[in-house]
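Two complexes are shown next, each including chain A; its partner changes from chain B in the first to chain C in the second.
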Partner chain A sequence: MEKILDIKDLKTYFYIDDKVVHAVDGVSFSINMGEIVSIIGESGSGKSVTAYSIMGIIPKPYGKIKSGRILFKGEDLLQKSEKELTKIRGNKISIVYQEPMNSLNPRLKIGYQLMECLMIHKKMKRKEARKNAIEMLKIVNIPDPEKRYNSYPYELSGGMIQKVMIAMALICKPDLLILDEATTALDVTTQAEILSLVEELKQKYNMSILLITHDLGIVNQIADRVIVMYGGKVLESLPINEITKEVLHPYTIGLMKCIPKIEEKKDVLYSIKGYIPDLNSRFELCPFHERCEKKVEICDNYMPKLVEIKKDHLVRCLLYSEEVEKNYGNASN
Partner chain B sequence: MEMPLISVKNLKKYFNMFQSKEMIRAVDGISFDIYEGETFGLVGESGCGKSTTGKLILRLLNPTDGEVLLNGDNILKYNRKKFRKLRKDLQIVFQNSSSVLDPKMFAYDILVEPLILHKIVPRYELNEEVDRLLDMVGLPKSSKRKLPNEFSGGQKQRLIIARALATRPKFIICDEPVSSLDVSIQSQILNLLVKFQNEYSLTYLFIAHSLNVVRHISNRVGVMYLGKIVEIGSNKEIFKSPTHPYTKALISAFPNLEEKKFNEEKLILKGEVPSPINIPTGCSFHTRCPYSYGKCKKEEPELMEITKGHYVSCFLIEKNL
Partner chain C sequence: MKDIILKVISKIIYIFIFLNFLILVIIIPEDWLFYDYNGGKLYMTMDKRDFLHIIKHCYKSIFDGGLGTTVRGETIWNYMKPIIPKSLILIFLSLAISLVLGILKGILDSRKDRERRSTIKLMTTVIGLSFPEIFIGVLLQSFMVWLYRKGIKALPVGGYRSFKHIILPTITLSLFPTMYIARVTSLTIDDIYSKEYIRTAIGKGASRRRVLYIHVLKQALPKIIGSFSYILSTLIANLVVVEYLFYYPGLAYVMLFKYSIGEKSVAIGAALFLSITYFALKLIIKFLAFFIDPIKRSKLRMGGIR
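And then the complex of A and B:
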């Protein structure tokens, strides 16, 4: 299948005072055409920074993309000039942020903000753009679109604004849509409505979606493939139908067990010991080794590689690397 | 029958609006009982009045109307002095945020303040007591000399819980205690809350919007919609056999791990929660309810007991009977 996005060994670091924060440290993955890929991980695992790197909106001068390649339809986004990127951002790749309330300009009418994209990217005339904007509001199920076109962001509820944001992201018919925790701040009922809308629109426009979230439930419902990130590294990458049956990495297993299930009730929940590590020091070792239950001796001085266990299922853990099986097997004997 | 520890009767809170005669009906006549040693969960979408209810019980807000009975005594009638003595029995754990902890107070001072105010331990034991509290919630003793901003989200939440436990309360309101935490930390905090409930026989009012958390921790659950309780029942009744259409929609909208993809059976609600300023006439849910019929628009359903302890306010029950 054709790859729409191919990220290779991306490293994004932040330089704050004399410290270096290794937010994204050697991430590689790809997204196929028409696929929904989801990145999950706890806060501080580098999910959002990955998305910002794709969009080229890493805050400067603190943030810097150290190395790596981001191939979008075969072209490296990191080699492009700001001018060329502007033509891609919002047009070919668009993003919906976590906090909808803060991402719209409070002093401009919603309609104008929608129209702006079309006038800049598609060189449309005002009248035509207005017609298209109203059409788009209708598509995302906003009641009374003509009236809402003239509303200011503060007049709408959180769910409605998120729909406007989705409309704005889709108005130029992008090839890749990035949803950065787009439903986290919303209620479950609104969340369900937005997710089904996204899925419907994906079919309609044949888009690819990169879904960033920390909610495994959402992932299970709409994603095709899951990438688990922790401490700026990819720990596991697996197809969705294996998530309930065949997760391999101890972190992913722990994460699955942590979530209280709605179907059954337990007295004590499983919990992963310790806290999320500080990203100041670069991980020469497995980022999870301090909290890992299945830690073995070698974990203290070895960085596992991301290896393919079976088709489309990659794991970064000593337990599954052949090398260790050999070494550790010998050691224990 | 056993006397409830907390009994809320027809509690109402209307907020005035600026330069307008309209009222925001945040909490509109709710009644429920909480028995000793149980966890009562309160769920609903944002803006349905869950947190306001919590604040009203602790009198952090003054109710417009209604009664809150603690062991049969109306605590809303207490004067300031008398209520202050009671405060140590009733505590609250807020949603984790830096605004709950004074940024200029050391962890030690945060924990010592309630101990001194309520004269829990003599002064020469303060230091030991703080150590004990920190140890209880799993924080190192060295954190005494730290400011709130030096703690991570989960650690802050532990500190807030320690502060609530300092006065040895009987009843704690947990207002979204885990909603801003990561799942791995969330489960740690939930386990902590359950542990303390068993050790000190605490009673919780657990307010949250994530259903799986409420399902995990509660014995009984109340579902709120627009300032009213639409369904109350035991944990099992609410989650296994939800009766009110809103409860059904909430549960089916919750993204869970067991079920795959959105299917046809899922009840996805269209539209927005109506504004609490002009609540629809009749059943407040009728604008979004897929089963609503003529009567729903005109009359308001009462909470009816369908099985013992399971109350629902919906006309569909009548129809089926």
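And then the complex of A and C:
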């Protein structure tokens, strides 16, 4: 299957005073045409920074993409000029952010913010752009779209604003849609509505989706493949049909255990002990080794590599070194 | 609407209180308090009735149609008629210049999404803010005199006959507001650049210029206009210095000059017009700040504003 996005050894760091935060440290993954890939992980694991790196909107002046390649349809986005990137952003790659209430300009009408994309990328005249914007509001199930077109963001609910954000992201029919925790701030009913809308629109426009979330329920519902991130690194990458039965990395196992089951009555819910690591220092060892329940002696000496255990299932853990060695030779260096 | 009416009424009350205070300061003789050094007692040379009489007399003069008369018998209103526009021109020109230049300098000063802010740009603003108007005025006058000595007739250093005479007072008067607006603009722009909707704008492919003009400045403008309230008070205070320094026959100059020669009723008239000008401009700015803000306008349409 043709790859639409191929990220290779991406390193995005933040330089704050004399400290360097290794937010994304050597991340590699790819997304195929029409595929929904989900990145999961705790807050601070580098999921959003990965998305912002793809979009080229790393918070300035502190954030910098240190190295790596982001190939979008075979072209390296990191080699493109700012002018070239503005032609891709919102047009070929779109993003929907986590906080809908803060993501729209409060002093610009919803309609203007929507048709701005069309005026920038499709060079449409106001009248034509207005017609398209209202049509898009209809598609995302906004009630009374003509009235909402002239509304200001403060007049809309969080769910409705998120639908507007989705409309804005899709108005130019992008090839890749990034949903950066797009449903986190919403109630479950709106969440379900937004997700079914995304699925429906994905079919309609045949686009690929990068879904960033820490909600495994959502992942199970719509993703084709899952990437587990921790400490700025990819710890595991697996197809969705393996997420409930064949997860390998202790961190992913821990994450799965964290999902409360309605049939099990427990006094205390399971949680992974410890805290996410300080990203100020660069990891020479597995970033999860301090919290790992299955930690072995070798974990204090080596940084595991991300290796393919079986088809489409990659894991970064020394526990699987035997199998790895069998298949690939010594990889634990 | 009710709020707006209440605001106008409150401004009228302010003017009334200010006017009473002004009348008392100007009209009441300096020796209304007498201290007996031998007896160690404090005596008042005027009683309550005298105070009330003075105030009543002043109000009678104000509301008799001509605000009283000058020593030459001319009504103060007629005397003020050609003077008021001179000060208004100076104020409006200074405000217009400072608004345009201040916003431009603010855009230039702001860090936007760059790593560092330019210290030199910031320094020029801070220096401009710290220089007193009298110093700038004297500096400009000295420079014009120096040019005149070199045989160049650039600009007149005082008086009022033509438009040329307004240039130096306007420059002097608009320096502080320009720098103040630049500072407010630059800080507001930097603050807005850190907002998430700017990230959204960049994320949808808006160019740097589009982000600045459509998304940042539109958001910053109500805040910049809001800062005019403070600018206006400083502007009126500096008007006294500038008009006196440039011998510019406006309201502030007349107020000071007439007070110094004992024509107190004219001084009160000038002060009254100055205060009316101040409150009227303040009201205009409030309206402008309101109508420039689309959210407030929309809330007003929906009848939800308080």
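Definition applied: the second predicted complex is superposed on the first by the 318 of 333 C-alpha atoms of A that agree within 3 Å, B and C clash if a C-alpha of one lies under 4 Å from a C-alpha of the other, contacts with A are read in each partner's own complex, and residues count from 1 in each chain.
Going forward, contacts are C-beta pairs under 8 Å (C-beta built on N, C-alpha and C of every residue); 3 or more make two chains touch, one makes a residue touch a chain.
Because the structure is a prediction, the values reported are computed rather than measured.
Chemist: Looking at the combined model built on chain A, do chain B and chain C fit side by side or clash?
Modeler: Because the two structures are overlaid on the shared chain, the partners are seen to fit without clashing.
Chemist: Counting touched residues of chain A, say whether chain B or chain C comes out ahead.
Modeler: With both complexes superposed on chain A, more residues of chain A are touched by B.
Chemist: So, A:T86: does it touch chain B (first), chain C (second), both, or neither?
Modeler: Once the two structures are laid over each other on A, A:T86 reaches chain C alone.
Chemist: Classify the contacts of A:I218 with the two partner chains as first (chain B alone), second (chain C alone), both, or neither.
Modeler: Only chain B; A:I218 stays clear of chain C.
Chemist: Determine, under the contact definition given at the top, whether A:M303 touches first (chain B), second (chain C), both, or neither.
Modeler: neither
Chemist: Report for A:L78: first if it touches chain B alone, second if chain C alone, otherwise both or neither.
Modeler: A:L78 sits against neither chain B nor chain C.
Chemist: Quote the smallest CA-to-CA distance from chain B to chain C in the superposed model, rounded to whole Å.
Modeler: 8
Chemist: Starting from the residues of chain A touching chain B, keep only those that also touch chain C in the other complex, and list them.
Modeler: Overlap of chain B and chain C footprints on chain A: empty.
Chemist: Where on chain C is chain A touching in the complex?
Modeler: Its residues touching chain A are 111, 113-116, 195-197, 199-208, 210, 214-215, 218-219, 222, 293-295, 298.
Chemist: Taking the complex as given, what residues does chain B use to touch chain A?
Modeler: Residues of chain B touching chain A: 45-46, 152-155, 182-188, 190-191, 194, 209-213, 215-217, 235, 239, 249-262, 266, 268-273.
Chemist: Taking the touch rule as given, give the residues of chain A at its contact with chain C in the complex, in rising order.
Modeler: 55, 57, 59-61, 82-83, 86-91, 94-95, 97, 99, 102-109, 116-117, 120-121, 152, 154-155, 165, 168-169
Chemist: Tell me, which parts of chain A touch chain B in their complex?
Modeler: Touch residues, chain A against chain B: 42-43, 141, 143, 157-160, 187-193, 195-196, 199, 214-218, 220-222, 243-244, 254-256, 258-263, 265-272, 275-276.
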